[in-house]
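Take a look at this one; I'll ask things after.
So that you can tell them apart, the chains are marked A, B, C, D, E and F in the order they are listed, and the count of residues begins at 1 in each.
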Amino acid sequence: MADGAQTAIYYEAIADEVVVFEHAYRNRLPLLLKGPTGCGKSRLVEHMARRLELPLFTVGCHEETSAVDLVGRFLIRGAETVWQDGPVTRAVREGAIVYIDEIAEARPDTIVALHSLTDHRRALYIDRTGESLQAPDQFMLVASYNPGYQGFGRELKASTRQRFVSIAFDYPGPDLEARIVRHESGCDEKTAERLVRLASKIRNLVELGLTETASTRLLVHAARLIQQGLPPRAACDSAVLQPLSDERDTLRALRDLTALIF
Amino acid sequence: MADGAQTAIYYEAIADEVVVFEHAYRNRLPLLLKGPTGCGKSRLVEHMARRLELPLFTVGCHEETSAVDLVGRFLIRGAETVWQDGPVTRAVREGAIVYIDEIAEARPDTIVALHSLTDHRRALYIDRTGESLQAPDQFMLVASYNPGYQGFGRELKASTRQRFVSIAFDYPGPDLEARIVRHESGCDEKTAERLVRLASKIRNLVELGLTETASTRLLVHAARLIQQGLPPRAACDSAVLQPLSDERDTLRALRDLTALIF
Amino acid sequence: MADGAQTAIYYEAIADEVVVFEHAYRNRLPLLLKGPTGCGKSRLVEHMARRLELPLFTVGCHEETSAVDLVGRFLIRGAETVWQDGPVTRAVREGAIVYIDEIAEARPDTIVALHSLTDHRRALYIDRTGESLQAPDQFMLVASYNPGYQGFGRELKASTRQRFVSIAFDYPGPDLEARIVRHESGCDEKTAERLVRLASKIRNLVELGLTETASTRLLVHAARLIQQGLPPRAACDSAVLQPLSDERDTLRALRDLTALIF
Amino acid sequence: MADGAQTAIYYEAIADEVVVFEHAYRNRLPLLLKGPTGCGKSRLVEHMARRLELPLFTVGCHEETSAVDLVGRFLIRGAETVWQDGPVTRAVREGAIVYIDEIAEARPDTIVALHSLTDHRRALYIDRTGESLQAPDQFMLVASYNPGYQGFGRELKASTRQRFVSIAFDYPGPDLEARIVRHESGCDEKTAERLVRLASKIRNLVELGLTETASTRLLVHAARLIQQGLPPRAACDSAVLQPLSDERDTLRALRDLTALIF
Amino acid sequence: MADGAQTAIYYEAIADEVVVFEHAYRNRLPLLLKGPTGCGKSRLVEHMARRLELPLFTVGCHEETSAVDLVGRFLIRGAETVWQDGPVTRAVREGAIVYIDEIAEARPDTIVALHSLTDHRRALYIDRTGESLQAPDQFMLVASYNPGYQGFGRELKASTRQRFVSIAFDYPGPDLEARIVRHESGCDEKTAERLVRLASKIRNLVELGLTETASTRLLVHAARLIQQGLPPRAACDSAVLQPLSDERDTLRALRDLTALIF
Amino acid sequence: MADGAQTAIYYEAIADEVVVFEHAYRNRLPLLLKGPTGCGKSRLVEHMARRLELPLFTVGCHEETSAVDLVGRFLIRGAETVWQDGPVTRAVREGAIVYIDEIAEARPDTIVALHSLTDHRRALYIDRTGESLQAPDQFMLVASYNPGYQGFGRELKASTRQRFVSIAFDYPGPDLEARIVRHESGCDEKTAERLVRLASKIRNLVELGLTETASTRLLVHAARLIQQGLPPRAACDSAVLQPLSDERDTLRALRDLTALIF
């Protein structure tokens, strides 16, 4: 799961997130990234890993992620039993960033297993092997969660949140977003500007009651399809509108909106 | 689970689904097919696999499908432990389409395991073996789900949906549907036309409160029974009406409707 | 679980179920039998298996039946691991009818595992062994479910039901039922006629709110006890009334009814 | 679990339960005993086993009883895997009565595993070993359940109940109950008569809302304590009243009642 | 878990519990102790074990206690599988008292496994080993439960309760309680008397809505802290008040009460 | 998990917690620390461990912590099975403090397994190995829980709480808190004083409905970021405000508050 490529990752800072990230790293404090889907949280982590010249381990959490998935497990291989480090253990050993995506989804033992890494101890205790690892200065724990999901799944306990320095994300401003769409899809300026306009309109349509709104990622998908020759309305339908809703009426409203722009 | 037969698959396009599918493939974007039962989603995938000359792996999801079912597992065989690739892993290795039917039914770890395949990384990380596979250009991930089921089982998280380009399906128009029924059953034109008329009437009977309505598949079943000599009303009863309801009153209404046509 | 005896099975057709069954078999379509307890669904399947000269495998489903129970599993025997075919796999290999009783009770993976056997593919994919079996023309999948149970346990998804040709069952008419009771118990004509009269009265007593009503099976039990010398009222009490209710008042009403006949 | 002792078991018939039991056995029909706690269901089964000169296997069911507990399992012993017959399998092999106490408590697969033993097949299919056993004439399946528990735990499905001939139990009449108490405890006639009077008064106290009322078993316990020298009121308190309630007011009312008799 | 020490255990009888306990033992009847936390149930059992010169095995039950925890299990040790007796099995083999604390908390199979030990059979059937043990006269089964917990966790089924002779416990009278506190802590008469007065006041404060009230155990803790030199109010706060509540207002009321006495 | 460092741990006593802790230790009574997140419970335990010159074992509990995690387990390593002591067992063997953090979160068997260590027996019974360990005088069991979480997760049973001497924690007074912040971050007096003023204002903002309020830990984080050069408002935002809420309005109110101070 370690991402070994050494080329820089394109990232445009929205606010002071790069500065706070670096300060948290220098202070050896764990960091929590809060924000909606597709706003660039993972991208920031990749960018910072390159910038700080640290290896990066990523773990996507879900309802059944447990401590064992992060720390490691014994595997039976024929007559032998071998210990396999999990991504957190590997990051501690190697001095790396470990990025725990959607941490609030994980089972509760997951977070407790990280307690000693997130306070003054900065140590990892591996019950099963009896090993105790002191994290090097290069180790950093970064987690993300989506506040919009609160009430849907598991919440992050208040006592857990207080262990992290936190950064709140939002979508980039229009100019910045158009620049990102162009960079990622290779589309022309006008298409990018129109897509950002469409997203901005959709994001303001509070009365549609969408669970999530159009992310930058959707705009990039649409731009790539347009760039390859798909008519803009068909591209927006498949890449932006259909992912947002299944309701006939909602889709009709979104299509009307699209028709005003493309 | 790979479907190796190389003959073309009969498929009649309803809208621009073939074009969007091909664009998604060329852009290496994952695709989500949305629509009701028996409207031809699986058929489209088989058709496109033949057309693009790609092998096809199919996985039917249910409430207990987990990442292990897609990615693979260690099996104990006597004193040996052998790794067995799951269908997604095989599709990545071989450069194939993997079709994940009813993805919303699967356990949440299933979708998270596919994250790195559905974004710019296009990579599969296999925790258990430590292997990391880069998907070739020939690899494509296609998933389906039935929006009519929302509220019954698990829903697809908004953040998951935004990872896919999406196509919405509906039943074909009458002429096209009659052509499909004839092609699949070998029945005569009149029978096909009558069956399509019956389906169209049933689909408009909103007041019956059916969970799902008559799909093209049901018409094909009835046409095959009629073609083999079963009287049309008995064939419609067994192949179309009984599958739609167990309520005496509903069935009586549906039978009255059938009697007007056959 | 294969029922190898080759003698014919006594079965009296109520409507056109024998004809539809045979047409479904000739068209290689899966069949669903819908109806209440003890109305002869299993008997029809046994009868048709003999008539079509096919082996029969029967699986009774319950809340914990899973795909593994139908398809097969690896068993550890000492140092060896052996694969054991489940009843569906055996039926596919041998060209037999597999009868899946009360399919709606089974766990959801059960039905998904049968998908490829119930559509145009007619194939069984065994994940664990990597084997792919094409069903011979002699293979037929028959399932049953009891619509009266809907709302109590699991329901059959609409998309599953549309995979099957369906037959709805009800209790036989009085003359036919008396003939069945006599045949199965060896009792005299008068006793059979009286028992059928009792059943008919009970079935009309909607105001008692019984979950299920007197099946033909209960009448056969009573007839056998009477035939062996138990007084008719005691036989009806033990074999018909007590199985239907535990409520004092309901039982008193049922006993009064019995006293009018015996 | 087989009860091998060959001495007769004391049992006083309340109604025609001995006759119906014997008829069910002669007709090879499964039997269901319905009734409250401590009314003698288990005792009747033991009595009939001795009378019919059959071995007896008893299984007490609870929420987690499964088919495996009845039919058998593979056990790993060192490097060997050995099959261990469950009580139902042993009863089928040896021609015995198997008594399944509180069958409604068991998990649903338990009852389905017994289906083929409770209809015309009278056969046991053991999936795990592939074995198929035909039950000898000496085999009888008896089950019990307590209708008063309906609504608390699992219910017995109507389709299951229709597989059994049923006998309903109630407490014995006063003279018979006093005789049983004397026989079981060795107490004098007067004590037995008073205890039965106490039980009768408690059973009529519907307004106390007791979940269950005083069973014959409780009277026997009290009689034994009295016989050993404990003062009657203390004996009734410990053996009859305290087991019925924890409510102060209820216990006071029950003690007042006792004081009127002892 | 056997408590082998042979010194007498200090116990002051509150009512006739010692006499009833001994009668139950002499009659080979199982015993159920009902009462609140810290009122001396466990102490009575230890006392009686010494007095009757029997070994004692204690099992604390919780939501996940199962029959296996009481009866025994196979353990895998390297290549060998060894059977390990549970505490009930050991008590049956050795002729001992087995004390099952908070039996209502245990899983349902636990109680069913004890059925044959709690009726006329007095036998233990070990499914896994096929062993059948007849309990010697020295064996006694004692269980406890806390009626105040009914409605919070699992309840004891009425049919289970009727298997036991029962004793209800309450807190001791003031003189007796002061004597116990002095004996257990070595504190002076005045301190003991004041602590009992405090407990008595707290027990009468029904309007505070405490889940449980001050037990004798809490008084002993406070007395020990006072005896070691902690100021009485601090000792009462830590040992009596804080364990009873987390509510600021309740604690203030309790502290006011304490200030009136100390 | 044992914390072997022998340097003193900085701790400033808020009330008489150090004295009560020491008395509980001298009396061999178990101790329960009650209080909100980040108020210094863990720090007190570390401090006392150093002061009493005892090793310290820490266990963080979560919803799936079970007795096995505390007491130990058999691990399979190749062909061998080895017993691995859990932290409680190690603390008993070595004469140490074992600190069970957030004990109310653990599964119920966890607490029952500790019963014999928390009463006059002071013994640990290890079922799996049959071992019985008497705790030395140096052994002490300390647990913590957060009363503010009652109603969210599991509660601590009243009968469990009565086993412990308890200490209630709250945040330190302003002078003490500023001293702690300075000591932990190395920041200047003015910054510390301002951060404490901010915390005090936030703690009084009951109308914001925060689940937890600003702990001392958050102030230390902010002080460290400021000390490293991050502007105070950005530091407070990331380290204090964002961890407390995701609500836009709440955050705006908190930022306004911060702007009044920095």
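Definition applied: a residue touches a chain if its C-beta (ideal position, glycine included) is under 8 Å from a C-beta of that chain, and two chains touch if they have at least 3 such contacts.
This structure is a prediction, so every number in the text was calculated from the model and none was measured.
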Residue-number overlap at the chain A/chain B interface, same or different (half cut): different
Turning angle required so that chain C lies on chain D, C-alpha fit (0 to 180°, nearest 5): 60
Chain of greatest Cα-centre distance to chain E: B
Distance between chain centroids, defined by C-alpha means - chain D, chain E (Å): 30
For chain A paired with chain C, centre-to-centre distance based on mean C-alpha positions, whole Å: 53
Centroid spacing, where centroids are CA-atom means, of chain A and chain D in whole angstrom: 61
Contacts with two or more other chains, residues of chain E listed in rising order: 76, 79
Pairwise touch network: line, ring, star, complete, or other: ring
Chain A residues within the chain B interface of the complex: 1, 37-38, 58, 60-65, 69, 75-79, 84, 101-102, 105, 146, 210-212, 215, 217-218, 221, 224-225, 228-230, 234, 238-239, 242-244, 246, 251
Of all residues in chain D, those that touch chain C in their complex: 16, 19-20, 23-24, 26-27, 29, 32, 34, 66, 74, 76, 79-81, 107-109, 111-113, 115-116, 125, 127-128, 130, 132, 147, 150, 158-159, 161-168
